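Next up: some structures, all given as structure tokens.
Shared between the two complexes below is chain A, which has chain B as its partner in the first and chain C in the second.
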Partner chain A sequence: MRRIVFLLLAAASLLGTAPGATRPRYGGTLRVMMQAAPNTLEIPAAGTPSDYWNLARILAMVTDTLVTLDAAGHIEPGLATTWQSEMNGKRWQFTLRHGVRFHDGSSASAAVIAKILGDLHPDWGVHASADTLTIETDSISPSLPAELALPRNAILRRNSDGIPIGTGPFRVAEFQPGRHLKLAASEDRWAGRPFVDVVEIDLGRALRDQAIALELNKVDVIEASPQSGTNSARIGTSLQVELMALVFPPNTRAQDARLRDALALTINRKPIQSGLLRGAGEPTAAILPNWMSGYNAVFPVQANVQRARAVLADSRQPALTLNYDPRDPQAQLIADRIALNAREAGITVQVSLSGSPDVSLVRIVLPSSDPATSLREAAQALGLNAPILRSSSVDDLYPAERALLDGHSVIPLFHLPLASAVSARVHNWNPERGGGWNLADVWLEAP
Partner chain B sequence: MSFRQKLLLLFALTVFLCVAVITASVWSTMRSSFEAANRERANAVAAQFRSEFQRRGDEVVRKVEAVTATDTVQRIALEINRGASDSAGYVSEARNLADQQHLDFLELVDHQGTILSSAQWQAKFGYPEPAIPGAIGSAGGFLKREELPSGSTLGLFAVRAARIGEQPLYVIGGERLDQGYLSTLDIPAGTRVLLYQNLDEKWNPKSLLDLNGPAAGAEKLLPLVEQVRQTGQEARSVIHWSPDSADAESFHAIPLSGPNQTLLGVLLVGSSQRPLVELQRKVVSTALLVGGSGIFVAILASLWFATRVTRPVKSLAEAARRVAVGDLAAKVEIDSTDELGELASAFNRMTEDLVQQKDRTLQAERVAAWRELARRLAHELKNPLFPLQVTVENLVRAREKAPEMFDEVFREGTSTLLAEITNLKTIIGRFSEFAKMPQPQRKPTQLNEVVQSVLRVFHAQLQDKKQITVHTELETSLPEISADSDLLHRAISNLVLNAIDAMPQGGELTLRTQTVGGAVELSVSDTGSGLTPEECERLFTPYYTTKLHGTGLGLAIVQSVVSDHGGKISVESVKDRGTTFRMDLPR
Partner chain C sequence: MNIGLELASYNHCIPQMQSHGSRGTRLGWLALLLLAIVLLPQNLSASALTDAARQLAHKIAAVTGPGAVALEITNRSSLDDRSVNEVRTALEGQLRGEGVRTAKPDESVGSAQVTLSENLREYVWAAEIVVGQDERRVVLVSLPRPQTGGAPASAMPVVLRRTFLFAQEQPILDAALVEMPAGSRLLLLDADRVAVYHQQSGRWELESALPILHARTMPRDLRGRLLLRRDHLFDAYLPGTICRSSAAPPPAVACNDSDEPWPLTADDGSVRASFTPARNFFTGAFSPPIGKVANGPSFYSAAALPRSGYTLWALAAVDGSVHLLDGMTDQVIRNVRWGSDLAVIHSNCGTGTQLLVSQSGDPSEDSLRAFDIPDRDPVTASAPIEFDGPIVALWSESNSTNAIAIVKREDTGWYEAYRISAACGS
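This part shows the complex of A and B:
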């Protein structure tokens, strides 16, 4: 725990500091750019992990969850003010905040929230009673509050157009699928009105375009590479909550576990981290970042080409097709480097965006600071079987994670921080340590 | 084949051979000239490629030197010499520099040969650059095989070093040597250039590039490329792309080697054979036209010439035919002084001699005939005259010496005189009858019937002469002939009578008819004593006879009848075995 606290303190020192001496100001339009270009505001049932995270980042500005987690994994009040577990973690009882209303003015009563959560989790028993919400599960669920803090469990309703109606700091004022999203301040939010009146989000803007727009002072908040530098912006980075990994989809040419094992052994992560990621992030062979699990040292990251050759044992292996997210400016180079490394062991990897891939280079965001919840969510995002976890203790986490990695269906590569950059007119910029934006607290300098 | 046809054929063959020889000579000369021009053109293109290669190499050198002189490279070189621990920051530098200089390839390599930054394969930093040891010191451009994420390719490279401190920073840059490079070459019309990138151990058809990428029909060039790959020497070959020879191309393969003489590529300069083939076809068609026209003209000329040459010969032949049928008045009119003229003059002299000789012979024969006639007449008339003389003398003597017996002698004498006078009249009648032979009155006649009629006339006579046996061998399907049956009856009767006379001691008389060619033949054979050859020759001469009491007119009459019917008669005789007369009559 001391290690985690140290890391948190170190990370905090890297954040931009809010100009506390200046008095906050209401009003103004906050201009935001995002790389994602969603056509709906629904978290996709099937899609890339980055799609999930991008929608989650947007929904977090519109909705609330029952509880939230801080960077240390501590549960914080959300729509629920108190909570307690019974029956050894099989039953959880939440006391809801009084008087919360959705953006359309309807009451976010316990019954409504129970209905929403019941629809999201049919296997749960969700019951409402006055201001109390009771959730019963079949198995012990010690991390149920952490799961309820996930974006996919946000409390929201949708209008006839599918536009989400939540209880968050902003309401959706206009949505042009794939192009533009306009959020307006929720005037009577339970936590108070945000400072800015409007948030204009341009969707589908490449990172390079975002950086240029920020340089030209045409935008206030952008996504950024952790290692990028701008002259007039402040970079805010999160903890290493993003996992870059190779994922082998089922039923591809990489059926032989020896091939996947050998490929994992050929990848020299350090030059990639230093050369292509410009020192950002950490090489890893584990799913959970070390700040979260503390045991990453037992997953070696050193390349061993000789051992890779020995694993292959002169077996004839097919050429593999490696694809990547073309929107990711670093992905192609990293994929090329992986292919180059693989050649040393005689493994042919062709980097291509066409055809069905044998292996994919993906990034996923670990959505929770709770290790067990993150491992569970990561396994789902990576297409792995759900891990069996009874608690978030290392004794449970390590064997579960080891089991997930056996067979090398996933080859973790790096843990990376998420980064954002804001212009100088943005004040009180204090992004979440988990990577989310906290736009409700920022205010804009007077023009 | 006539003489004229022979002449015609000879002239035509001569013209044809002349045209063929001239055409072959022109074709051979033209082919060798074209091939020489082709080689020169290929050599020119190859020289142009080498010049272009040199120029492009110089251009690459200039660009690499420009890159080496940039602040970025100088800064990196400085940082390396200062012992910069992390070279990861240079990953994208090479690409930026390559973009500035429009280079396809650019790598920054440290003094150990490790790539610091690669424009063509950014992920390759930290890997060794194998070309550096051999390429250091190269003043100009050189060929190099370059590994890329998508595979290998060929490039024209140059290397320069930025020397700040003890550790040089090598800048190795280049341009692709592919279809884009080929498109920059200025190639003569009818020529194309292919490039085989010798990047694989075995032949790879996809490595053969033309202006549009992988060349079509690469497999046909495999032997030529393989020859260069095996020998490392230039080679030439003609490639036939289709059965049409105009589609063929003459290729000149030039090896392209790297700094260590490794064969990295093969340049193929192809020249279309179409102009040559079309020229050849034009020459052949012209030759055929000229040859055909020549042969046609030759035929006309030879016709005229052969006619001119053969006309006297033909006249000579015609005159000879006329002479052969007895027209000794035939003359050959030739106004020339050559051999044919001499021949014609000789022929005319010959006919004139023949006429004169014939006249002399005819005159001699007439004299001989008159002598023979006189001898026969004298002989015939002498026999009756002697009894007349004796009778008259007896009458005179009886009047003078025994008038009492005169009356009786007178009666006996007058009867003798009358008998002898009758005999004289008979002799004179026969001569008169021969002189009065009538012209045949022709009508369809069956020769067999005439023969049977003759045998019936002689039946009684033959019955009396028991010693003669008659055989008839008459062809049953003997065709009718146009003849005078009475005259034939008379002629055949003479032959039968002669045969009977020839066999006083008996024998066999055979009459045989048969069809021979377009005529019918009658043969009358006896088994008598036969005739000598001399007798046979004179047998048909009038008044010639081998018999004691014959007039010599019988066979002459037979010959006259046969001749009047357009036929001919011949005789074969063997002494002591018999004689056969053979009469051929046309239908």
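This part shows the complex of A and C:
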């Protein structure tokens, strides 16, 4: 009897272990879908957050930056292996990796990289010497490495058709603007050839279409709504890397700061988050998410209608027009709910896409894990003055963020994550917590 | 890092702060290492917490001035109860020293609401202070968060044991233990060097680092093999590169670009197999042939099981199957679902030679298990020994008595080298 049990156990251990237990396998075609339908492969100046992330992910496959940042904002090597700052952060020196070549075979030398960065930033002094690159700025720039890690500073050249030629793990093999992108593995990649041979990206595919395609096993990697569940796939959610907020344009009728303050006090964020956003994200009254700053507790998010009425006192306030981005599937419902909340304090808000808005519901990208860089980028996207920051320490960040929010030109509402899902044949799926996909390390199960 | 319960908390602490308990027991000098890794940061952090609390108290006192203040502390970070109490004690003590007495709200001229929070890099503590009718003031302090840094018994014929050797952040490709008259040496092969360590006071101290110079781009899933030799210390094999150590001190290594096949065992007359320079597998071309088989399937790893009059080779093929080659036939076992790393280990139990097999492919945990192959069907010979991350390399040691397993820990991302040995079970 004991021997029978032993044999059964032995048989179970042979047959019942987890499948797919192999080393990374080379080969295969990774099928990807994206919402964005770009006509050029560059970060859009005025696109949706989805457009930004999609293009950032594409550029990360094709190109490198001098350095990268991890989720905690620590600098990591890219095309540069070491770096140091001088003159209180006004001058940065980068030692470049030896022997790196662009996909067309030309050398990614210090001189070439200096030219690329110099063209991107005419106000910088960019100098090359042997394997060293020096960047000088007029003002102190402690966050320069974080700036260099942004996708807009990817080291790339473009061919006559505008196709990027980079040093990344994949090269562009075919591009049908707005429809399809085919990337092929770069055999000579300095960090090693990626595992998959080809990445086929279908562009301009709605989230719903992507989810259906994944269910039907017609795609391997898709974007997903953070709240949605897909049974047949694995879903990865990033840290909160987007901000949804109300923004008052300069010509708003809400010139009275009391009205903006009162509107901020009426918004009951929690039910919107749990209902309309299906639990995704985090209610906030700050620009930076807590994982970046750590001090969000000092920006209270609780609604207080009574106080809103007290702030308004007996003042006569105009009715406000609230618009939203119609491309954002949740925006209209959230705008309607905000209007409803405002009414409780006697503020009239009309949701409309026509005419000149008094307040806009926007969703912006927080593109860097370096809080100072994200605060600067957010201020620009929200139409605020550039914050004055000497470092990313909380002693500098907090007053800078507080100053941006004083006057209630912006009312932060929610910090939101990104979500992605992959099919069961995808292995080593480790999306970056900042929203990137890192497809060079992905490999596919043998057919 | 000591992580525990939150006090008053209405948002979640950052998930990465959750600790992963070690499941293994460490011996000897490892205890010292654990003391260094686990206990020391805790002690340091206690002092740092106290200093930061005093700093915050000083900032609060500068706003409130002397008098009675209502103090409320809310923990929204991953600090445990004990640490929060230390913070509270230090905070109140420093406030007292600066003439600020904590009192109930109705007996106070102001209030200070302290929130202990954190971001991914540091603890951030904020105090919101209101004195009389004055506007609310906020003061902040921050301090770096410590970096977060891991056998069952069996009724089977073989009990596998693991002995922790070394851990480092850079990928370890292979390791070897060498007994020398001057004491044991540990050789570690990584992408750029062979590091030689000697044991001193129960710890491995770096003795020399022999750089591996190569012109080729190394593949993404880099693999390497370290083989001890009789006439010189070692040979190191990396994709497209072969290195040979000097025969006499001082230790040195010379590397050459080479597509020479890699020996599959440490024997001088071993069967060799070609390794694909830009990939992570052997092509399947053998030199000399295994019996009549000169070309087998592409494979990740191979183990030689001695038999009376011949050697049975087990290959973990790239397609996930396992091949058994005896020189005449190639038997394919498709339903075992083993991992892609195999090694051979000798014991005095069962058939005397077991096949050591990695198991899961799960990034969070992996295990090794021994199998006997009495005829052509593998039979489980041991319970699994588990690891806190995937096994990224598994090689038989040069004498084939033991094996070396390299594990990438899921929680820290560090690489750990273990020696795997076998003893007889019940």
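Quick note on the criterion: the second predicted complex is superposed on the first by the 410 of 447 C-alpha atoms of A that agree within 3 Å, B and C clash if a C-alpha of one lies under 4 Å from a C-alpha of the other, contacts with A are read in each partner's own complex, and residues count from 1 in each chain.
Keep this in mind: a contact is a pair of C-beta atoms (placed from the backbone, for glycine too) under 8 Å apart; a residue touches a chain by one contact, two chains touch by 3 or more.
Model, not experiment: these values are computed from the prediction.
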item: Partner chain(s) touched by A:63 [first = chain B, second = chain C, both, neither]; value: neither
item: First (chain B), second (chain C), both or neither touched by A:360; value: neither
item: Partner contacting more residues of chain A (chain B vs chain C); value: C
item: Touching partner for A:420 - first (chain B), second (chain C), both, neither; value: neither
item: Chain B versus chain C as contact partner of A:441, first or second or both or neither; value: second
item: Chain B versus chain C as contact partner of A:274, first or second or both or neither; value: first
item: Partner chain in contact with A:334 - chain B first, chain C second, else both or neither; value: first
item: Partner chain(s) touched by A:189 [first = chain B, second = chain C, both, neither]; value: second
item: Which superposed partner A:395 touches (first chain B, second chain C, both, neither); value: second
item: Partner chain(s) touched by A:373 [first = chain B, second = chain C, both, neither]; value: neither
item: Shared chain A surface residues [contacts with chain B and with chain C]; value: none
item: Of chain B, residues touching chain A in the complex; value: 86-89, 91, 121-127, 149
item: Parts of chain C lying in touch with chain A, wherever the complex brings them together; value: 11, 14, 74, 76, 115, 117-124, 126, 128, 138, 140-142, 155, 217-222, 278-281, 300, 316, 318-320, 335-341, 358-363, 369, 378-380, 384
item: Residue numbers on chain A that touch chain C, as the complex places them; value: 6, 9-10, 13-15, 17-26, 71-74, 187-195, 282, 290-298, 369, 371, 393-395, 398, 402, 427-428, 430, 440-441, 446
item: Chain B-touching residues of chain A, taken from the complex the two chains share; value: 271, 274-276, 278-279, 333-334, 336-337, 339-340, 351
